[in-house]
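What follows is a group of structures, each given as structure tokens.
Two complexes come next, and they have one chain in common, chain A, joined by chain B in the first and chain C in the second.
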Partner chain A sequence: MKGAPKNEELEQLLAAEFGVTEFPADAPPLVDRTRHLELATKLKALGYRLYVTVVATHYLPQAASKAGPEQPEHFEVATALRKPTQGGALAAWRCKLAVGEGIPSLVGLFAGADWQEREQFDLVGVRFDDHPDLRRLMMPDDWEGHPLRKDYAIDTACTPWR
Partner chain B sequence: MTVELSVDPPPEKPAKKPAAKAGPAWLVPGAVAPIQRADPYLDIETYDPEADLMVLNLGPQHPSTHGVFRVKLYLDGEIIVKAVPFAGYLHRGVEKLCEKLAFTQITPIVDKNDYVSPMMNEQAINLAFEALLGAEVPRRARYLRTLVAELQRIGSHLLWLGTFALDLGGALGGGSTVFLHCFRERELILDLFEALTGCRFHYNTHTVGGNRHDIPEGWASLVKQALTVIESRLPEYEELMTHNGIFVKRTRGVGVVDGELCLELGITGPMARAAGVDYDMRRDAPYHAYDEVEVRVQTETAGDCQARTLVRIREISESIRIVRALIDGVPEGPICGHKPIKIVLQERSAGGQAYAALESPRGELGTWVIGGGVNKGTSPYRLKIRPPSLHAAACLPYVLPGHSVSDAIVILGSVDPIMGEVDR
Partner chain C sequence: MAVKEDDRAFTHPLYDFMARMPGLDVATTSVDKLLTWGASNALWIFPMATSCCGIEFMAAAASRVDLDRMGTIVRGTPRQSDVMVVAGTITVKMAPRVKKLWDQMPEPKWCLAMGSCAISGDFYRDIYSVVPGIDTFLPVDVYVPGCPPNPEELMHGLLRLQEKIRAFRAGKPRGAAERPPTPEHMRRPSLPRLDDPTRPDELSLLQTQSAGSLGHGTEMNLIELRRSKAGEALAAKLAALRAPAEPAEKKE
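And now, the complex of A and B:
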């Protein structure tokens, strides 16, 4: 991933215990979604105690082209943790979700994941399993749709504020 | 780093300090012990059927919420039992809007996020774009960015100090003395930025690959004059705030957040440093020109509202020192490594992801950007701003219970949430 130095420690951990073989230079490595919580637990024990952020992204279905093979509609959830010491090593990884699939919540490990995951649930519509309080954070509770999805046009009509 | 162990280890010296005092490496010695966290998911129905609970909505229009923020307080007498914050009143959909704009058009939009320190927003977003697009920033621009970042930090902390005094209200004779003094000094910083960019706020002076406005003739002496004035008045704030008995009574031991909770919540910046977290991105993960200047990280150990005040006041002096160290050594050269922007759509990215962060006056302000958006990649596909204020405000459900309503105002003020950044 660009902008942060290469994290050897994370790559060794992923290669040894999580069966990850691909480490793209311009994106965080892909990890199986069922092992998301396990990886976060291991990283926290290694000293990555600062919760940085979680980013969910929506991808529309794509036909096969020069850019790559055919892709069904899916989501990607990227998570980042940091070591609060010299160097501030950043550990970031992605999980790929099909439509309707959820991802384990990190609230039990990092209290800060509560609001961050609520925001991503609200705006992108990704479900975080076992989240104790999965409500909308930014939009009103009766809002329809998830604004940061790619099929949600920027000028989608909204019901008037009540 | 590997450490070579000698074959023959020296005999072990008896430990000078008891083992309990040696904390983790990221905490300074003597930092506050972990607090008893309140349960944010407390079921109020099962709390105490006998108690006569009252529900009080603090905000969204209450002046001490610094914008539009609502905290639903469940009160037992005057003591808070449960606090449920509500964000989103200022949600403008900045991230969605940025997906339609070109990289160079986004800077003035994010100016309005953290409206107390707009320079930091511009720098944070452009750091991420430069990482994504592979743009080089010339050395002069990096120096200039460091200078305006530190000046902005002074201005932001001054505004916080003034409004915090207003929050304390009656304790400081209405608080308006400190408020007006702080705004008088902040005006000097705004004048410097006006001389540099032509705008008093929302500058739009950073761009992908550098800056847009070069240092004008004689700006360095203006900066030095302003810093001398601000430095001469800092002891006044110390006396007005920290040497004031009522201020100390209202802030000492109030709203304690320990270092471990800070890290778990993602709180960085002065709030974490007041709890003893010895971490500052300017020193530990340098960006701009911070690797060429010494940054002395200011920490406190108590983790309460008084410690946060002390850390921020000392950070003002520290910023003054950094600006003085850099202002005479600004290297000559171009201020933008890129071609001058003639068409806004010239920056393109095929894909890839980047995350870059900097130390804003409130903590780690980061941007996660995914390239390859609309119009052949001239826009980001997805942009996520990591706002330090949102993480800081998330501490309220853990900290507020057990305090009185008047303390809640003090705690909310000391957390320093900027609602434009919380809601985006």
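And now, the complex of A and C:
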């Protein structure tokens, strides 16, 4: 994943108040999932009032290799906010979730997060805690499973339509 | 020449009246011709346009090709239409809606599959949410290939449909019986087509129920149904049908 342009303001905030020490060049910084809502609140107060996107990714368990240490199955949720000015700065960060863990919903802060979070819940199966209406958005209501998980077979049959 | 009572492919009150009157045989034949002319030259279309084929369909309906010349009027409601033109990819979520709209169309009705996606799902056919061809749940009369087909090709498809309607009214049985057998190296749809003799009856029943319960608060829970004994039996039947045409690692 190509990282967003360097954001000094965000990095200072994360280093000072959120105990983040690593700022990889090719990915947004990792923030503890329990402080997700707190970070978003602070950024909104700093002028990041535009909710750009939320993207959840599923990772299968990985053995230790050159690429990195051993990883259990987990999810990463990346969120991006922007200052709604010309050339406004972008603030993006990631949260890591183990299987079964949820992440605080940002619907209370940004109304636009509603459907975006529903979409990620629908396709990847990440739970957004305190979301007012966490239903499927794209797949039919009687769909089984979350199709964008890495272990979902693409040719899964769906009786009676395919 | 009189039309024999047994050969009739349709009924109409006027026709019945004339058939009963002595000496009106000639008029009966004329009425038959008139009705056939009307049926084949007033094809009101219900556009089931879901993607880029829909744009091409609009081009066909606009002034350059002008489908109106042959009496086709595009209607926004299935209840006043004769032909459903399915133009685009049909997804698993859309399929019960399409089926429901089709069921609302009055007989006699015709179905035209426009473009590769409607015909077979094209390169989306293996995706978890795409129906591999609408002939797995709709009786398609004319296939118009292309990605997307030209407006001229759609026009040609409709002219072929007119031929088919004339043949049907002359007593030829309707149906896709002339389809050549699928070559061995080509994959069949993952579901049997409507005209497939191996197609289980439960499949059609399930599709109709799934479409029929849309939006009435009596949503049939397909998850429960799939997990029931009948649902599992149907899934096993379908898997067995699928097995010979699919590579071994595709088995579920």
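Methods note: the second predicted complex is superposed on the first by the 156 of 162 C-alpha atoms of A that agree within 3 Å, B and C clash if a C-alpha of one lies under 4 Å from a C-alpha of the other, contacts with A are read in each partner's own complex, and residues count from 1 in each chain.
The criterion applied here is as follows: contacts are C-beta pairs under 8 Å (C-beta built on N, C-alpha and C of every residue); 3 or more make two chains touch, one makes a residue touch a chain.
Source: prediction; values computed, not measured.
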item: Partners on chain A (chain B, chain C) - clash or fit; value: fit
item: Chain B, chain C and vertex chain A (Cα centres) - angle in steps of 10°; value: 60
item: Partner chain(s) touched by A:M139 [first = chain B, second = chain C, both, neither]; value: both
item: Partner chain in contact with A:K66 - chain B first, chain C second, else both or neither; value: neither
item: Which superposed partner A:P147 touches (first chain B, second chain C, both, neither); value: both
item: Winner by number of chain A residues touched, once chain B and chain C are compared; value: B
item: Touching partner for A:V52 - first (chain B), second (chain C), both, neither; value: first
item: Which superposed partner A:D155 touches (first chain B, second chain C, both, neither); value: second
item: Distance in angstrom between the closest Cα atoms of chain C and chain B, superposition on A; value: 5
item: Chain B and chain C footprints on chain A, overlapping residues; value: 138-140, 147, 154
item: Sites on chain A touched by chain C in the complex; value: 138-144, 147, 152-162
item: Contacting residues of chain A [partner chain B, same complex]; value: 1-4, 26-28, 49-53, 55, 57, 78, 80, 82, 84-88, 90, 92, 109-112, 114-116, 119, 123, 132-133, 136-140, 147-148, 154
item: Contact set on chain B toward chain A in their complex; value: 25-26, 37, 40-41, 87-88, 91, 93, 95-97, 99-100, 127-128, 131-132, 134, 260-261, 263-268, 277, 279, 281, 284-285, 351-357, 364, 366, 368, 370, 381-382, 384, 386, 390-391, 394, 398, 423-424
item: Residue ranges of chain C touching chain A (in the complex, touch as defined); value: 92-93, 95-96, 126-132, 136-137, 190-191, 203, 206-207, 210, 219, 221-223, 226, 231, 234-235, 238-239, 250, 252
